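Step one of this worksheet: look at the structure below.
Lettered A, B, C and D in written order, each chain numbered from 1.
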Amino acid sequence: MDLWIVSMALFVVSSLLGGLNYISTILNLRTKGMSMTRLPLTIWAMFFTAVLGVLSFPVLLSGLILLLFDRNLGTSFYLSDIVVNGEILPNEGGSAILFQHLFWFLGHPEVYIILLPAMGMVSEILSVNSRKPIFGYMAMLGSLFAITILAFLVWAHHMFVTGLNPFLGSIFVLLTLLIAVPSAIKVFNWLTTLWRGNIRFTPATLFAIGFVSLFISGGLTGIFLGNSTIDIHLHDTMFVVAHFHIVMGVASFFGMFAGVYHWFPKMFGRYLNSTLGYIHFWVTMIGSYLIFWPMHYQGLAGIPRRYLDKRGWVSFNDFPELDKMITIVSIIVFAMQLMFVFNFIYSIFKGRKVTSTNPWGANTLEWTTPIRPGHGNWPGEIPEVHRWPYDYSKDGREFIPQTEPIGENESKH
Amino acid sequence: MEHPAFEEVSFHHHTDDAEFKRRVKKTTILLSVITIIELAIGLFIYTLHKSDVNRDFLILGFKGLVCILTLAKAYYIVSVFMHLGDEIRNMIMTIVVPLMLFIWFIFAFIYEGNSYKNLRNTYDLHFKETTMPKKHGNAETHEVKPAEKSGKE
Amino acid sequence: MSTQATTVHQTKWWSGGKSPFNMEYGKLMMWYFLMSDAFTFGAFLISYGSIRFSQNFWPDPNVVFNAFPGAGHANLPLAFVSVMTFILIISSVTMVLAVHAGHKGDKQGVIKWMIWTIIGGLAFLGCQAWEWHHLITGEHAVLVDGKIEMIGQNMRGNPWGAVVNGPEVTAALTNTSHETLMSLMHSANASVSHEKIAAMSDAELRAALSTAELHVREKGPVAFGGYFYGITGFHGFHVFSGVIINIVMLIMTQKNVFQNKGHYLMIEKAGLYWHFVDLVWVFVFLCFYLI
Amino acid sequence: MQTFFIVAILGLGFLITFQIAKASEYVAVLRGEEKARKQTNKVNAFMLLAFLIIGMIGVYYCNEKLKGKILGEPASDHGILVDRMLYITIALTGIVFVITQICLFWFAYKYQESDKRKAYYYPHNNKLELIWTVIPAITLTVLVGFGIFYWYKITGKAPENAMIVEVTGKQFGWEFRYPGKDGVLGKKYFKNVSPEKNNPAGQLWEDKYNHDDVFMEQEMHLVVNKPVKLVINAKDVIHDVGLAHFRMKMDAVPGTPTTMWFTPTFTTKQMIEKTGKPDFVYEISCDQMCGKGHYSMRGVIVVETQEEFDAWLAAKKPQYLVANPDKDPAAVKTDTLNKVAAVIN
């Protein structure tokens, strides 16, 4: 345990330094013409992620240091009135819930630390592959920003049944459900981005669509859990497991997969095997819904999470068949992820070679570098940026890279 | 690798020497004076504690005053010593605005702490009896604070 | 720098190709690092506030921190900590001067002021060490389970509870061990020599001790010690690392590293860190010593 | 052996899929990449639509199959509120779910790549964005309003006539303390906890309110239609009193007492009839991970009529008398028996 705490502290330090690097780079080292509103949404998402990390991880660090003291130095920050196996501990006056507060002050932003980059990448990929600009760039930015701010304010919605003061609880309900508004904006904007597009279903696109689907499903169940009244019943049941696995686990993984499939040619100059990509997507997509959808029902039936054996119970013993099905499907889905890892490693060395610098026809800067970029990314001058990154299908042209100056007769958006 | 933005930075500490020294001196004196006032208030609270008369409200007021003075001190250190006051407005905002999170953070935590106290006092009478300071006049027994936050930090 | 000049450039500053804050990359990172560190300390202090508010009783800092090196048992509340505070403020000022000398490219000035800053930092650390030592080893009479014990301020014990009244102390004295009685006698009556005390019997000791002067207290909340040592320790660790950084900066200045680079920006960054340490102390001072 | 087979099958599947994938890549190159790409595009677009339709049927099927297994009617007054809130939320989110999922997959199918169509340049529309900011905001205001209203009702003050029971979680079981005739729980202190001295709750015997407190383990009895207020403690780590049928839940935290109250509305016997399960009992589940035996931390609640309850409680001996047999006025003879028992133990 102590080693785990120390390793967590090291992790905090590393993520902190990484986050600082992202923030300062994005603010300070943009190329000429790259104003903040010309940044691709991926970069914006990374920026907000870094902000979340830099401001919330230190709180976890403090919590962990206090925990380490409690474990080794006999302090009583979190411990009070404890009798373990007949042994009476001397600690008095601490509060076990304090650790939960400190933990969730990180823990909640952490959810968005995982999810925001996925959102950014999905925005980019949907736009590129539907050959349309992302709908409502400023609204997307605004909702990212709103989510970032709200992420800091809602930590105690994980703690409605810890004896939390009901008044504080009601404020946390209000703030928590507010998050649904920017999330809804994002979903509707993604849908409108697809609308009247000309969509190419690369594996990355499929994963991005899967992300949106899962984000809707998991996000809506968040409205149940963020509402303290319902949370009394659903807290710590399988419903929670279903909710956060869909929205934070599977959905953000989908975002990352989408990102990997999309930028793999840039990373290694080769493609991932796309047939494997399609299989990977469909198995994972169908599997995830098969695993997690029925879990909601288990949660509604009150089955607590983390029960390895339910046979001793009268109330919770109704779903043995379902549990079996879920187990089998999860094994298959997990095996499929191994397949992806294999595909990844195999394609680095043996994948189909990329022949053009810009295989997806994307506007952003990274696709103007050579297929195998050297140190500093661009040989010679760093390119100057003249426009936002989403000029797709504008004025009859399929795509207009950011480096192209705005033409005289070009229509304004 | 050289930073492309690096040469662009124009350093803005070209204020003349005497002016700068005067400012530093002024701030140092200000900080010292505030600290001395704070100490005086601290000692005054001590004497209030010692006396038998119940002056919880006055003590709380003084504690609030100390908090405000501390914030003033912090302001001077950050804005003069750390030169944040000389930076561009946007820069100041990126530092100050995230710190606003502390308002809710402090309120929620302290409110929670107070709520633990109430729970313990209501349902754990032994805790209440053994830790509640006795009513009759002992020194430093009026430490129990009302529910509102005291603006710490 | 006049504000007019900045507003003129404002629109262009964000359009890329240069720093929107007119600030060098590393310094910007330092600022955000400090902000993040502020959250670490903030979390500590807020947890402290939370626990403090969950207690019915909290020790009065004026009672806890009333000692001064060399002053014996004199009651000097807050005197020593004010010395510590001033040391830190002064070292902050010398750091400002070092940074200023750096801007002018004045190597000798930088060296001079850096040395003063380092001395200030070391002095602060020394003071803190003395204070910790005093609190841990300084034992106080505490009523525990109907008898008096001598305990110091550590992680498990807090001798700063409510003062106990005369009759209870008299009753407790009868249960108190010989060693405790001896040390009680010694602390109450410093004029009586050790040999004399050692010669006295328990009954004599009890009779000689006047209950009113003993200042026997109950045990206070244990969390006090943990938070005090935890937070001042963490702050002390920052001071220590600040001193190390300053020493490194001093050596680098001496070796003309900055002179060859053409600027003393590293000194400025170290300065930011040092001021931050001072800033944190302001709040630690507030939370533990004043309120 | 079974594991071996599973691994072998997985490995085989792995190999086959990989070979297919590799072959398909070669085939694509042979047939012309552009053509192959267009074909996979069509296939995937169709699959997305199929996924939508089959998925919606699956959702319906899943609902039909499993809805009978969720708990049914709540057995407490607060449970009714929780369930009402749940249904309001299900209705609203259900509508949003169906609409957005249909839009997502339908758009994906409809606007798949085609040479005939050009994508429509449509970067923003402020009016549209405003609409879908305001509508969710209003919906959520409704949800927050109901939610907070019910929340205050549930967490509000317990009625004066509520009976009090102290529940204490420990690894891995539950302990209960009834206040006895005086209706007040006596004081306790964790350093007094001593099962050997027959004082597992750590009661302070000098407090006379403790003298009629009844202590027991694993089984709690409640009176139907009478509000009950639980004072919840934990001895070692955080536990959670989960009452699925009453729709209530509250953590048990060491050092900080928590509380909840509700009114059971059906007796255990009534529930047996309602659920059709002859072995039905109300169960207390520990819902907060508390250690190795977490899944087995089960307590039983019996809800019965006032008469049954009174008879049951009258048969119990206050813990004070169990721990201090010499103080027991009624049974001097059992005193000796206890001593014998103590020696045996």
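By definition in this document, a residue touches a chain if its C-beta (ideal position, glycine included) is under 8 Å from a C-beta of that chain, and two chains touch if they have at least 3 such contacts.
Just so we're clear, the structure is a prediction, and the values are computed from it rather than from any experiment.
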| item | value |
| --- | --- |
| Chain whose mean Cα position lies farthest from chain D | C |
| Pair exhibiting more inter-chain C-beta contacts, A-C or A-D | A-D |
| Distance between chain centroids, defined by C-alpha means - chain A, chain C (Å) | 41 |
| Whole-Å gap between the CA centroids of chain A and chain D | 26 |
| Whole-Å gap separating chain C and chain D, where each centre is the average of the chain's CA atoms | 46 |
| Where chain B and chain D are represented by their mean Cα positions, the distance between them in whole Å | 42 |
| Set of chain A residues in contact with two or more other chains | 28-29, 31, 55, 92-95, 97, 101, 105, 163 |
| Chain C residues counted as touching two or more neighbouring chains | 17, 19-21, 23, 25, 35, 42, 47, 50-51, 54-55, 221 |
| Multi-partner residues of chain D (at least 2 other chains) | 255-259 |
| Overall pattern in which the protein chains touch one another (line/ring/star/complete/other) | other |
| Every chain pair in contact, whichever chains are involved | A-B, A-C, A-D, B-C, B-D |
| Chain C contact footprint on chain A (complex, rising order) | 16, 19-21, 23-25, 27-36, 38, 54-59, 61-63, 65-66, 69, 73-77, 90-95, 98, 101-102, 105, 385 |
| Residue ranges of chain B in contact with chain D within the complex | 116, 119-120, 122-126, 129 |
| Residues of chain B defined as touching chain A within the complex | 1, 3-5, 98, 101, 104-105, 108-109, 111-113, 115-116, 119 |
| List of chain A residues in touch with chain D within their complex | 79-86, 88, 92-97, 130-139, 161-163, 166, 169-170, 173-174, 177-178, 180-181, 184-185, 187-192, 194-201, 206, 209, 212-213, 216-217, 220-221, 223-224, 227-230, 232-233, 235-237, 273-276, 278-279, 282, 285-286, 289, 293-294, 297, 300-302, 304-310, 312-316, 318-319, 322, 331, 335, 338-339, 342-343, 352, 390, 392-396, 413 |
| In the complex with chain A, residue positions of chain D that touch it | 6, 10, 13-14, 17-18, 20-22, 24-25, 37, 40-41, 44-45, 47-48, 51, 55, 58-59, 62-63, 66-67, 69-71, 78-79, 81-83, 85-86, 89, 93, 96-97, 100-101, 103-105, 107-108, 111-114, 117-125, 128-129, 132-133, 136-137, 140, 143-144, 146-148, 150-152, 154-156, 170-171, 190-191, 193, 195, 202, 232-233, 235-238, 240, 242, 244-245, 247-251, 253-259, 277, 279-281, 283, 285-289, 294-296, 298 |
